[in-house]
Amino acid sequence: MNDISDNPLGKLLVARKAARTFAARYAGRTVLAIGAHPDDIELGIGATVAVLSRAGARVVMAVCSVPGDYELRRSEALNAAAILGCELRILMDGGSRRIEDVKTYQLVGMIDDLVREVQPAAMLTHGCTDFHGDHVAVHHASVPSQRLHSFDFYCYLPTMVRPVPVPFQPRAYIDVSTTIEAKIEAIAAHKSQFGSRGISFDYYREIAHLNGRMCGVEYAEGLDIGRIVFA
Amino acid sequence: MNDISDNPLGKLLVARKAARTFAARYAGRTVLAIGAHPDDIELGIGATVAVLSRAGARVVMAVCSVPGDYELRRSEALNAAAILGCELRILMDGGSRRIEDVKTYQLVGMIDDLVREVQPAAMLTHGCTDFHGDHVAVHHASVPSQRLHSFDFYCYLPTMVRPVPVPFQPRAYIDVSTTIEAKIEAIAAHKSQFGSRGISFDYYREIAHLNGRMCGVEYAEGLDIGRIVFA
Amino acid sequence: MNDISDNPLGKLLVARKAARTFAARYAGRTVLAIGAHPDDIELGIGATVAVLSRAGARVVMAVCSVPGDYELRRSEALNAAAILGCELRILMDGGSRRIEDVKTYQLVGMIDDLVREVQPAAMLTHGCTDFHGDHVAVHHASVPSQRLHSFDFYCYLPTMVRPVPVPFQPRAYIDVSTTIEAKIEAIAAHKSQFGSRGISFDYYREIAHLNGRMCGVEYAEGLDIGRIVFA
Amino acid sequence: MNDISDNPLGKLLVARKAARTFAARYAGRTVLAIGAHPDDIELGIGATVAVLSRAGARVVMAVCSVPGDYELRRSEALNAAAILGCELRILMDGGSRRIEDVKTYQLVGMIDDLVREVQPAAMLTHGCTDFHGDHVAVHHASVPSQRLHSFDFYCYLPTMVRPVPVPFQPRAYIDVSTTIEAKIEAIAAHKSQFGSRGISFDYYREIAHLNGRMCGVEYAEGLDIGRIVFA
Amino acid sequence: MNDISDNPLGKLLVARKAARTFAARYAGRTVLAIGAHPDDIELGIGATVAVLSRAGARVVMAVCSVPGDYELRRSEALNAAAILGCELRILMDGGSRRIEDVKTYQLVGMIDDLVREVQPAAMLTHGCTDFHGDHVAVHHASVPSQRLHSFDFYCYLPTMVRPVPVPFQPRAYIDVSTTIEAKIEAIAAHKSQFGSRGISFDYYREIAHLNGRMCGVEYAEGLDIGRIVFA
Amino acid sequence: MNDISDNPLGKLLVARKAARTFAARYAGRTVLAIGAHPDDIELGIGATVAVLSRAGARVVMAVCSVPGDYELRRSEALNAAAILGCELRILMDGGSRRIEDVKTYQLVGMIDDLVREVQPAAMLTHGCTDFHGDHVAVHHASVPSQRLHSFDFYCYLPTMVRPVPVPFQPRAYIDVSTTIEAKIEAIAAHKSQFGSRGISFDYYREIAHLNGRMCGVEYAEGLDIGRIVFA
């Protein structure tokens, strides 16, 4: 039996489908993922950044601050980033820091600097409906960087360890069927957060499964969209 | 002096930029544009459908009803569709009809049928903040067709002949610098609507120019996003 | 080992917890569940109405219309109602009818009449963010009945056979761990809808499981709240 | 003439009505009321906490900070709490403090600690549409405590001394016909705030009267609902 | 003792205050008030139209339909209009009619015709959050008339006989201290609606009193604002 | 040929139109414009304040802080204020300061003090959808001053140098056809901000032109409305 890609029509269909993926849009370009603390990016879009890095995108995971146990958590974050094939940056580096240790305009400045440096084709950051004040602060500090150049701007769902009801309705669905296990592995790399609390990772898999149902794949991650520039 | 596309790096840059266009996403696929009446699609997204058709997408312009002067307005709509390189369909065809001449479920059925037939990769339809009741009705009749398969779903700005303030905030920006004049030409093809009323087309050009400023191109059209499926 | 309810403190704890249930609030009273078509109530709040009926509440399931196959679908609805321990009413009875076959004020009148008859302590109806026009119409026809007397007013999530993304954020969580299987059974009783389409019921179980995580139980159904009267 | 509760049916009716009260839901349990400053809880939900305490609930009134005149205002707050039958806690105690004297995460920590200590069945706190920055800050610091366990979460109307239009639409109505005067008395206990300014308390009585009209009682207080857990 | 208006400064202050009134803005011009049925305008903005007519504005009260008892209710509406000093128009005249007896585009046409005839400086119509389907339909049929010329567009609160909680937040406050009793009298003129139901008019007075508190007068009516044209 | 104002009817028409202007409402009174930094007021409502000052209103432009180059930027702001005929105040004066250098309650206090001093008939301030954290902070610090007395409260569009998409829908349109050039001139007076960056002022003219189309004049500025007091 021939594989679908062995004949011209099959190749066309695969090509058409390929054109529709997140990977096709960002391969060969840079995507900037921003999280308030270590593990936020993994919880929110771990499988999406893995899809991108595997497809040849450069993905920079920017963690704004490490609120405690700096060396340990930095090491866990490095492991998680390695699992996902991404680069790690810590914006407030060199030691344990709180988001609130800097003024808003300073946080804006850090994100602006990173945008100027890596010239992202897309930014993935916290959303504004999150219940964690630090996450909301990072969202608001990310938004103004859109004035610097016209990258795509997405927000991911409120991230949390213990489920809390918070409104979030995705507008973009990313097929992550091939990377959902990498996401779980990356979350698990944050042993100080998840090792001893007996928290099950099934929650994250269940959300991805429901998002998958929304677009006809096994697992998906959902993003809200601030802007997409088709230019 | 060499053109940017004459050397490998230049080719790469052009390719990367190309991957970002609306054309790249939908070339070789079908896009379904829906409007309540003749001229709505032209006013709302005339330049976008021209970009798509020129890039090799099949674009079906589905007009729900012709409220009067059936033959004349159908002829104008055919001319406009030809200018934009698109196919025209009239859902309630064969004579002058009002949207309200059918029940909602019948309109849903007509749109469902068309979706099943053309299997669109994207639908572009009216938004829900429009002030014209027919436009809102078409929006609500378009939404449920998303259950049939997982195409992208966009809404365009409230369309009108005389400016009225209505909220609409785009999330997607489409570079239409190369097709803005085709849009104006297609609108002008609706002579019965615009010929004698002394209405200037500058309004539509001005909106596209402001949208262009939002994403660094000369002219852009803006769309709200219901869902984009990256799968 | 003693059961927790065998000693005074245990009895108190159980009593306190009991005071918190949906059953405690509505036992001995009437709850009116409203759905546009057969199977909507089952899909949206099948497990909640089962919890209520098992606790001694009278639950009236009011189906507004049967759009086709009247006898068959009525029979299926009766079976489902029996599984859930509820009474069935069909508002537009006697044959296949569409919601749009009556004017809005007539639908309002039918719901008003039922409210006057059964004097509900709570109404559970469709929400306003549903993508199905009939469901939204039923929501809007239910709202004004609140003027008749001061019952609690809840809305359930958009009901659908094939998953479509629609915003819905619950405010009330009902523990349905003991009745989730009855819900699935009641949905399955609508054989004409689910028998031959190869649709899995896991979707509904998954949603209930995620809602359960939000409030620390195995399965929960989520409701939006219009008003609750503590008087 | 027999009292309604003297015969079996009368007893049942009274019991049914009783099951519907705020008191029935929280009697024998702990309710945590949170206010930014002394008098906020009294202004927002003074009559509701009195209903709860009279019914046997433990009500803890947690005042986040006293912005000045610490001893005087603490004394007034103690008097008001006594009138309402509630316990008083001052989170930033020991002297005059501003909400902004601590970081957000510190305020979150204080509220978290109190939740862990008193294990509330419900929290009543400021809403997010309030015009006072401190009230909004307290709201946002209260929300994350929901992750600790699954208590009910309500928000009360924007509190103010001089009327300012601010949007607030209640979802829960609490009959406070028996405690409205206790509320007025508790507000009046804050003499330093209301004694010399010639402010009439009628405003608060009028709001309660209008809320009462909404649910068929003489006086009611209205609450927005974040979540109610029926489990 | 001199009256404030007896000296130059006093005259200036009165003049300045006068410039701020609704009467000053519309005196000598036409204001179009639209209501779905007889009594809606009286309930919603009876005191405001009286303020306008007393100041020399022409106020046209346009009632869309009389759902029953045509002659009686028309007579009552004429009496009420006379009390308020306004002209009455019945859009669907000549007999009892339901809003739903005409198509939306026909209702739009009737309102458009009236706008073209009376050339209003302002339109006051139902708001979109009303719970009555007819009121919402009238709102949506009023909105598009804004394209005809640039009058001010206001919406009034949901009108009802029995209080039901519906969100409505005014943006404009009209001092009606001098006409509140005329409003009550005009409502009372609808004897068929209010005569035998034992409904108290205090509800409307209480709302006006609370709105008055919001802007420092005894009684006020509140309006939402679609647009105000300062040109 | 006679000028329209040369005969009684003409005079009446001009008078009627005059009554409708922003100038008519605020002439002889004080309007308080608030901006986070120098140039914000000019960008947002430069043409509106010029209209007011030319009509005899006192307009106080209150700049909250100068983030750097204090003397230079203060001098530019003075020039701009002179061009617009307004008074300049710098709230955090005496040197370069950041909004975040003070607590929120301190900023509220500064704005309260100014309101008490100048007793404005209207306040024009930043809106809450702005993407700049300082602008949003100034908005929230302006809102509570409404409790001091019942002035009109307007918000202007998000101000920016490089276009970024942000939602903003005006409710009030001010004809600024006679002062649009003064606005551009006042913006240009901020040479340190606009001199060397090669930024075109056409963007601001284009927005005003589109707003003008919405109300039938050549150029208009759009404002959101918090409250207007017609009393």
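Chains: A, B, C, D, E and F, in written order; residue numbering restarts at 1 for each.
We take it that a residue touches a chain if its C-beta (ideal position, glycine included) is under 8 Å from a C-beta of that chain, and two chains touch if they have at least 3 such contacts.
Since the model is a prediction, treat every value here as computed from it, not as a measurement.
J.: Going by the touch criterion stated earlier, list every chain that contacts chain B and also contacts chain E.
T.: C, F
J.: Over half of the interface residue numbers used by both chain D and chain F, so same, or under half, so different?
T.: Homomeric contact, different residues on each side for the most part.
J.: Can you report the angle of the rotation that maps chain B onto chain D, using C-alpha atoms only, to the nearest 5 degrees?
T.: When the C-alpha atoms are superposed, chain B turns by 180 degrees onto chain D.
J.: If you tally the C-beta contacts for C-E and for C-D, which one comes out higher?
T.: C-D
J.: On a CA-centroid basis, which chain has its centre farthest from chain E's?
T.: Centroid comparison gives A as the farthest chain from chain E.
J.: Taking the mean of the C-alpha atoms as each chain's centre, how many Å separate chain A from chain F?
T.: Here chain A and chain F have centroids separated by 40 Å.
J.: Can you compute the centre-to-centre distance for chain D and chain E, using the mean CA position of each chain? Integer Å is fine.
T.: For chain D versus chain E, the centre distance works out to 37 Å.
J.: Between chain C and chain F, what distance separates the C-alpha centroids? Give it in angstrom.
T.: About 52 Å separates the centre of chain C from that of chain F.
J.: Got the chain B residues that touch at least 2 other chains?
T.: 163-165, 170, 173, 214, 227
J.: Would you mind giving me the full set of chain pairs in touch?
T.: A-B, A-C, A-D, A-F, B-C, B-E, B-F, C-D, C-E, D-E, D-F, E-F
J.: Can you tell me which positions in chain F touch chain A when the two form their complex?
T.: Interface residues on chain F, with respect to chain A: 98, 100, 131-134, 136, 160-165.
J.: Which chain F residues qualify as touching chain E in the complex?
T.: 12, 15-16, 19-22, 24-25, 27-29, 121, 149-150, 170-175, 214-217, 220, 225-231
J.: Considering the complex alone, what residue numbers of chain E touch chain D?
T.: Contacts found on chain E: 163-167, 169-170, 173, 203, 206-207, 209-210, 213-214, 222.
J.: Inside the complex, what are the residues of chain E that reach chain B?
T.: Checking each residue of chain E against chain B gives 103-105, 108, 140-141, 143-144, 146-148, 227.
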